[in-house]
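Below you'll find the structures, each written out as structure tokens.
You will see two complexes here that share subunit A, one where it goes with subunit B and one where it goes with subunit C.
Our next item is the complex of A and B:
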């Protein structure tokens, strides 16, 4: 099961998604590189507005106007998704690439029963008989751990709790056994006990079917529990990428370090939580140098001139560990 | 102590069992239940139900053929006042509960048969306007852009005319008659439906479940038909119920002006129009058709109000 050498299911290179707003161009995603291997979970972390969700929607090609994918490549099993026609792309969605959203309560169609919504997935992608679809839907409900699936299949979304609704969403997303699942903050709207159940469920199903997962979250605890690899995003770019243990043991990028420092520790008696000073730069008016420079503690200590002048590249800083910081480069300009 | 715990456990099992076996309720079933909890809704339903029974069972309830001229068949006078045996009308004279009209016909039978015409006009015009408005509004909102602009500007132009005047103009071009009146009223009322549908689709379009089904591979047409339209229907259903009332009124208005149903068809508006000069000498000939129109319109208005309340989750438990 060692899959380090497997060809990635998805590899994103140089993805740029810009929003052409009245105030200027908001570079929500500005040169993102990502890779997911089959059967692996990639956690994408970062604060609100750092471009996590826009990256996900770009992969799905569901960017609403005025957003536009400007540049880059999204290779899914060797095929560039950005060059597919809209119909070809629509065929791929749900069948090969699925997505689950943040708020399960509003992600289900309120006028259709849970069972029928799952059955519809087979109707769209498999064109099988309605009767068989119903049976498979109930099977799927059982798989995602819904008690008494036969009965619950006829429930409408408003009759389901948040956790149940998210299970139904997962059942829909995984109905056609996609090779890639994008989960955009799947547990943010749920309470803590349900959160871990849902994560457990995703992990379990993902291991069974060897589906690759991109898990988007702002919760470092969630990625620590779930992910194999982690990409940390800041202001539209990936600033650090590594496997989980490495990232938590030895964070390299100053942003990751400061981020980890600001997590409250349960039981520890802290008077003050560490705070990252300053604010995220405006995506319309990004600084010329490193985007984190203005808030960076390391910069003030090391005092590199390059930080405020040119944008650092994402370079290897260890085995399977990359960071976007001038500190680790031998000859900064 | 133990028995108490045992009892609590068995009780919780019972509750669980009941919860699992409870049949989920659909939106429309819930709505009907809420509707029946409101007095306005019930009164509306009773009035409409009564009118519908009259319309369907007209041959059974009507004592005479509505177009049968009774001259020479019975001893009746033109525009004779109602003769009700219970209220002291001599029993040797034939009973006419609502009197006789200007053409020696039984007014009661004509009012009963009139329900058929009025209700079918109400339903068919609203059906056409509903279908047309829903389709146009949904297309305009879903596809947007120039198509939206084109459709909605045409709707604005139609709305720019006083509705009855436009209906009169259409009938004047097409010629009087019940079918043309029906068509004219559909055209005149359609923009309201298109507008409501458009507004409703515009908000539903932004819902998470639309994005979610897009992400799961549903086609645009499927999203429109199975996600957006069913969820956007609520306000337009309410509008339709109220719309039936105004369609009946408009049709009665056109018929009153001689542009709708043509004599000898028994239609409330036509009956009013034919006898309007006799309002002081034979008030029963305008009173009863007028009352029938009023009750039917009131029924649909009450039902519409009740339905709106029943469909609004904020006003319910």
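Our next item is the complex of A and C:
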């Protein structure tokens, strides 16, 4: 691993994004630390409501009210994105940091052709001539594997299949060769044979350009296939962080362990699937101790008082492997 | 094993109308010429990608849709040509569970009411009997009888899907179509619902048609599996044979495309080129040939008929290269 030689493209520390709702403050992201190196893929996994998408939107500074970034630092190549003015941030978006979303159908502008939407990227960020922009857009469409790109450039989004529309989104996102790409469930709306095409495409382009990628997904299979490092999120926190092989070979946090046992795996011939009892705590009324304590299998065995009393820190449990669990700490309070 | 459901050369075409005069411009061939049996007490998995016709087939089998041609027999009775009255009696014995537990329940009606609706339709109008049956079935799916008074918004996604299951099972059907019942749920909740379905299937000796795009989920629950592509069944066999010795190139590609949660198995994948063609204008010959890595000349002109592989168990494959 050459993590020591490469300074991270992005490093997030202590990020807190809260939503001030009528029912109270929903602590969607509550102290998240993340880091991603150039040319690497960081997978962020978790179930609905764990804060993975809100983390991504916070990095992009696209949090809608009543949400607010309360605290923390988002260093992009050493510069804190949270201190930039909206204009400075807008310049950065699309050029240096890009994002692709789950549903390409609703993220593309329905009344602008695929080619023009990509050309617009060059128009805004490069101020080059319209003619040249069109040519580059067609070049980009070819790069993302769209057959007959000259023709397809004049197609409107509704004329494209889901897989094709997602390719156009990727072409737009990568048009200006950003240093960071955030992909939020990029293949969730696609069929499996199309999903494997798109994942392969992201991998290929990312290796060519050494773009750092944050891949957000609920699918443990997708991160196992794509990511170099993985952060597992639960109730607004990162509960485990490790390189991909370690995470699957030796998961340390009880949530990760229980989650891995609960999914049906192709060819595994499981009998009953393990069930995680109970449900995710409400984000407006989080428990004082470990947020997973009420559902934790290990806690019933080990039975530490700390689990329900104070919030565990994310600490090293091995080389390049961190977990947020009192079990691994020498002196729990 | 005897067949509870016999599907014989079933087709469903949806006409497509264009323009002001709604001229018929063609037809989407959602299901073409499918024959299969579903045995009593088994779970038949039906997999395929979006638009392959799997949900249409599921609805045809319980006659929520009228077929264009072909017949469906339920326990020997012709369902396709049954009169309204006969159909109403048969319906009691076949039910369906939908994908989205949010839109399939009436938000303004207590869930007990939604569950009891089937009872009322089928003549069980005694209030206390309804009450008792609703309570029993809620208990059976892991909820409490007190939950009957609550409204859908008071439940989580997993609980709503349990209510959907309760509603399907309250009439004690023999046959249930499960149309993507866990696709809208989070992984940890999905496990609960899958375990429940499996347990209920065994205890109540239900016959299930389990429709899903998720191959791992289908494998987990099914006894036999049918793979659909563009309105046709390309391969059907028992679960273990399908997952170990798939013969059709589409099945192989589908299995290889599933992202496995194991970073040590990153190896080579079969990546299919292109998109699924439109069912409005399917390719001639074998419908899979434009994306097939092993397509031959015959595939471009002649549609393959399903052939039985040389093995003791049923294993039908619709491919010129099979055998």
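As a working rule, the second predicted complex is superposed on the first by the 328 of 333 C-alpha atoms of A that agree within 3 Å, B and C clash if a C-alpha of one lies under 4 Å from a C-alpha of the other, contacts with A are read in each partner's own complex, and residues count from 1 in each chain.
What we mean here is this: a contact is a pair of C-beta atoms (placed from the backbone, for glycine too) under 8 Å apart; a residue touches a chain by one contact, two chains touch by 3 or more.
Computed from a predicted model, the values in this text were never measured in an experiment.
In the superposition on chain A, A:285 contacts neither subunit B nor subunit C. Once the two complexes are overlaid on the shared chain, A:164 sits against subunit C while remaining clear of subunit B. Contact with neither subunit B nor subunit C is seen for A:177 once the two complexes are overlaid on the shared chain.
By the document's definition of touching, of the two partners only subunit B reaches A:91; subunit C does not.
By the touch criterion stated above, A:207 is placed in contact with neither subunit B nor subunit C.
When the two structures are aligned on the shared chain, A:99 is found in touch with subunit B, with no touch to subunit C.
Contacts of A:275 after superposition on the shared chain: subunit C is touched, whereas subunit B is not. Comparing the two complexes, residues 147 of subunit A contact subunit B in one case and subunit C in the other. Remark: subunit A residues 47-48, 147, 161, 163-164, 191-197, 199-200, 218-222, 224-226, 244-245, 248, 258-260, 262-267, 270, 272-276, 279 touch subunit C in the complex. Against subunit A, the residues of subunit B that register as touching in their complex are 20-21, 23-24, 26-27, 207-209, 211-219, 222, 226-227, 230-231. Considering their complex, residues 49-50, 156, 186-188, 190-192, 194-195, 198, 213, 215-217, 219-220, 243-244, 253-264, 266, 269, 271-272, 274-276 of subunit C touch subunit A. Residues 60, 62, 90-95, 98-101, 103, 106-113, 120-121, 124-125, 147-148, 151, 154-156, 159, 169, 172-173 of subunit A touch subunit B in their complex.
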